[in-house]
Amino acid sequence: MQEKIPVAVVGATGIAGQQFLVALDQHPWFRVTRLAASERSAGKKYLEAISDASSGAIRWYCEEPVPDLVQTLVVEDAAECDFSDVGMVFTALESEAARVLEPRYAATRPVISTASAFRYEPDVPLLIPGVNLEHAPLIRIQQQRRGWKGFITPIPNCTTTGLAITLAPLQAHFGIDCVLMTSLQAISGAGRSPGVLALDILDNVIPYIPKEEGKVETETQKILGKLVDHTIQPASFRVSATCMRVNVKDGHTEAVFVSLQTEGELAEVKRAMEAWGSEFTSLGLPSAPPALIVVSEDPYHPQPRFDRDLYG
Amino acid sequence: MQEKIPVAVVGATGIAGQQFLVALDQHPWFRVTRLAASERSAGKKYLEAISDASSGAIRWYCEEPVPDLVQTLVVEDAAECDFSDVGMVFTALESEAARVLEPRYAATRPVISTASAFRYEPDVPLLIPGVNLEHAPLIRIQQQRRGWKGFITPIPNCTTTGLAITLAPLQAHFGIDCVLMTSLQAISGAGRSPGVLALDILDNVIPYIPKEEGKVETETQKILGKLVDHTIQPASFRVSATCMRVNVKDGHTEAVFVSLQTEGELAEVKRAMEAWGSEFTSLGLPSAPPALIVVSEDPYHPQPRFDRDLYG
Amino acid sequence: MQEKIPVAVVGATGIAGQQFLVALDQHPWFRVTRLAASERSAGKKYLEAISDASSGAIRWYCEEPVPDLVQTLVVEDAAECDFSDVGMVFTALESEAARVLEPRYAATRPVISTASAFRYEPDVPLLIPGVNLEHAPLIRIQQQRRGWKGFITPIPNCTTTGLAITLAPLQAHFGIDCVLMTSLQAISGAGRSPGVLALDILDNVIPYIPKEEGKVETETQKILGKLVDHTIQPASFRVSATCMRVNVKDGHTEAVFVSLQTEGELAEVKRAMEAWGSEFTSLGLPSAPPALIVVSEDPYHPQPRFDRDLYG
Amino acid sequence: MQEKIPVAVVGATGIAGQQFLVALDQHPWFRVTRLAASERSAGKKYLEAISDASSGAIRWYCEEPVPDLVQTLVVEDAAECDFSDVGMVFTALESEAARVLEPRYAATRPVISTASAFRYEPDVPLLIPGVNLEHAPLIRIQQQRRGWKGFITPIPNCTTTGLAITLAPLQAHFGIDCVLMTSLQAISGAGRSPGVLALDILDNVIPYIPKEEGKVETETQKILGKLVDHTIQPASFRVSATCMRVNVKDGHTEAVFVSLQTEGELAEVKRAMEAWGSEFTSLGLPSAPPALIVVSEDPYHPQPRFDRDLYG
């Protein structure tokens, strides 16, 4: 058995950082060996860092238990870390902290980031496996331009990711004229600081999520764009998004109207969607689902509570 | 003070019937004098008819109390009623019962119906005050064709009503090419038999409501159509609807993309919408809201829980 | 018509302050003439103070609209206010701010407070109309001891208020040995800063509310205690409370087991509870409900969503 | 590897039956080889029996997928089944059907039942592993009295099960005087026919569940009773239960006040609870949790959403 690659998780005490810890626990390639967070947590063992001293409450937000391996790791101050002894850095930081700290880490190591700080830079690709790996060469440009040995690849906005994967086969087979999308987004997307108050969303729909619509529009066009002369040319079709918050824990639902350039029978469209990404999924990578897109004949599906855990 | 018009409510024990009772309580023009429901309730006083003998539970589903006036009215068997002594009949029946019973009542009296049974008949208008009262002459055709002294005017599907009111000023001022609508519908719309189970909608979105999308598309085109030669010519623009159920008690939210025939500045569009229906609302009718359409500058509104009770 | 008494509301931008504004709007005795909040809001008109400049969102948390009268009142800095020109001050402050500011206001004026800061002081009564107005003379002691012209009367914890009202007739008629209470508390009780996150309470019960159980136990014994020699002797029966949070917007539900000192028939108990407070409610005070305790024969009631607005 | 025991699941299309199918899938001892349900489903393959022909919807209510093995089993009519070729029968029937059908199956085979039909018969034990296996000899009495080769062992009410497990160590170590319990029960406990309507429980608590309180009281006393002279003598302590429904999908929360006969330090009580059932759990049976009772030091736990899946 091959040895696992040591990795660091930054922002490890927040909800997105905890999701990294759960996803990396038992991962066949990676092992979390270092944790970082704000100065306040620095110097404490992880389990202590997420405990409230006065009430005894544990601030752990995933339904899976705290992975054994990280419970006793000592949390470091994210602002003071040198990560040259790990193979990769996973960051879950607020946008402003990300703008300052991620370049420091990227100077020596690859950084996988949940923050939006670098998503819109011209030399930063938004890679989605099975969709646009042909944007990967942009990483080399990024390294040259910035003089980094590592690099930053941000994870796109989660609403965008689902949309872009769905649009990719339509763009490839039929061409896209226009995309009109309404999302019903889960509360987990808002995190915990400040997050969505129960008082605001119980028995309610909130029809607006700050900046979300612009992110979805810009990122979708970038992801489905073309890498031409060391630059991504955004896809030329228009994307218009209405993003709403609904009282669902996890799993965004999107209603998408797509106008295609060439007409397709429904069966053809279905076939194109189901076949999409088969070269990717057949690689058998860990964490890769058996299919990128599942087309349901049951009109009552997808439903977030039932289908969000499909293929993990 | 003028005497009030006596009216009957049929299907009075169900949720829609109870909403009629609440809406008609204290109404300046109408007074409920007769109640009808299924044979099972016939002969009981209303309060007894909605009580469960074994547990003592009251099956009353509105947050307002049971109106005093109806508590002791004796419920009649809807299949046996003659309503020639009241001025009007409000019916809240299942579609199949409506198809049989409403024509009997309409033979002598006007019938305001929540059922979809007659909505798609060519001689039945779907009237929305302030939107298409010019379809009212169709009632005369209906009476002649069917030999009725009364008539049936169904209340359109509630998702349609909100959509049609919003589209009316756009159609009048700019012309409409195409309408793409995604609705987030409340559970009250599904009623109670069977209604939506908590197990199905808690922490979830159900992306399908049987027959709803077709109803919205057909009814919207009919409401915004033109009365030509004793027939309604449906509006020619395309309507495509995606109707979903969300965990909200009352109040549907709709995200609508409209493609206009002539371009309009945002301010013009807003002005057209706010001005719409002012001739109607200025009549000062009871139950009429002060404005048909409220345009909010606050991107966080409308929200169903906060805005559903605006103007009652 | 008599002129209304001018009053001030402090902490007017928060959720409890807004509830004061709604409750005092249209009040036959009081008129809100001054508003105070933190320094950040000072100098702005109320409507501006609760608006978010960048998004246009209005931070108003009641379902009733913002009362017209207060929309243009200029908010003052609570730390700098002199209230000697109003008749009474309603405060909705965090406990620490209350400890500092309420004595300043009380030096000259009566202060009705939602904070717990002074609830446990021996010279401060927790008055509930219809339950323990015989504690009112303690106010005189408070004034003498502290050299105030005004005074502070805190509103008890809302879970306690419901419990104490219910226990009062049992204590009076039968004597109480022991009270075991489990509460299912609504999220509105937690306010908004930080409040309850939707992520924490959706599809969940939180079995602990910090400090709540101790407050309920101590306050209940104080409210139902006896004023003896210028001091309240707490009721001697034991109170044990388990306080939980459930996903309900407004309205706490409490399951209470009471062990009585003398046995009573169920009908006697019911009669005692229904009769309780009739001298008080028959005074016809504004905001007073027609009955203090409603005993339901329907086992399915009370339910918070249906019964929380009974008698406003 | 030993061959698995073939078993039947009756009532297989309902929610409780589906839970049996999921629990038995991959079970090391049992393999589902026969399915039965009402006449309406008889003769159809299972996947077809739970599909709605007109809409294509699948009526499957678990979050795990439909087990492969049962998808193509043909459903039989429960009223016509002979189960002498399987080793055991799991039944999930309505109480009335259970009263008729379970004795037929029990004539030849052991029946594990979710119904309450036989729970209160004097010769039917309510067995909870790790709590009262000493009641098992009653099965022999049952067989003799009724002339059965098989037998019926009903699964107790789920609210009772949690309560009885928790009380068992307290009874054994300290003796119990009195139990006062308030439950906050999940909607899954009500099943689907009719189940709990979203309209009734959204933003609400329902303070009554028909017959539940009596069941909890009687069953708890029976489970913790003693087998004396071929009969169970119910435990002599009083149990008083208040059972409420809250808007939680799975997992009941119970607040229990117990009065002990002999005083115990908190640490002793904790030790007794944690040690309880260790002889049972150390047997290493499949589906047995590593511990019967988990005592949490974190006051914010247990929470149904986080802790309901602990140990599966």
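For reference, chains read A, B, C and D in written order, and residue numbers begin at 1 within each chain.
The criterion applied here is as follows: a contact is a pair of C-beta atoms (placed from the backbone, for glycine too) under 8 Å apart; a residue touches a chain by one contact, two chains touch by 3 or more.
Given the structure is predicted, the values throughout are model-derived calculations rather than measurements.
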item: Chains contacting each of subunit A and subunit B, listed by label; value: C, D
item: Homomeric contact subunit B-subunit C: same or different residue positions, threshold half; value: same
item: Chain centre separation in whole Å, for subunit D relative to subunit B (CA means); value: 45
item: CA centroid of subunit B to CA centroid of subunit C, Å; value: 41
item: Contacts with two or more other chains, residues of subunit B listed in rising order; value: 55, 202-203, 208, 247-249, 299-300, 305-306
item: In the complex, subunit D residues that touch subunit C; value: 180, 182, 184, 202-208, 240, 242, 244, 246-249, 253, 255, 257, 299-306
item: Touch list for subunit B against partner subunit C, complex; value: 55-58, 63, 202-203, 297-300, 305-306, 309
item: Subunit C partner contacts - residues on subunit A that touch it in the complex; value: 15, 55, 61, 187-188, 192, 194-203, 208, 210, 247-249
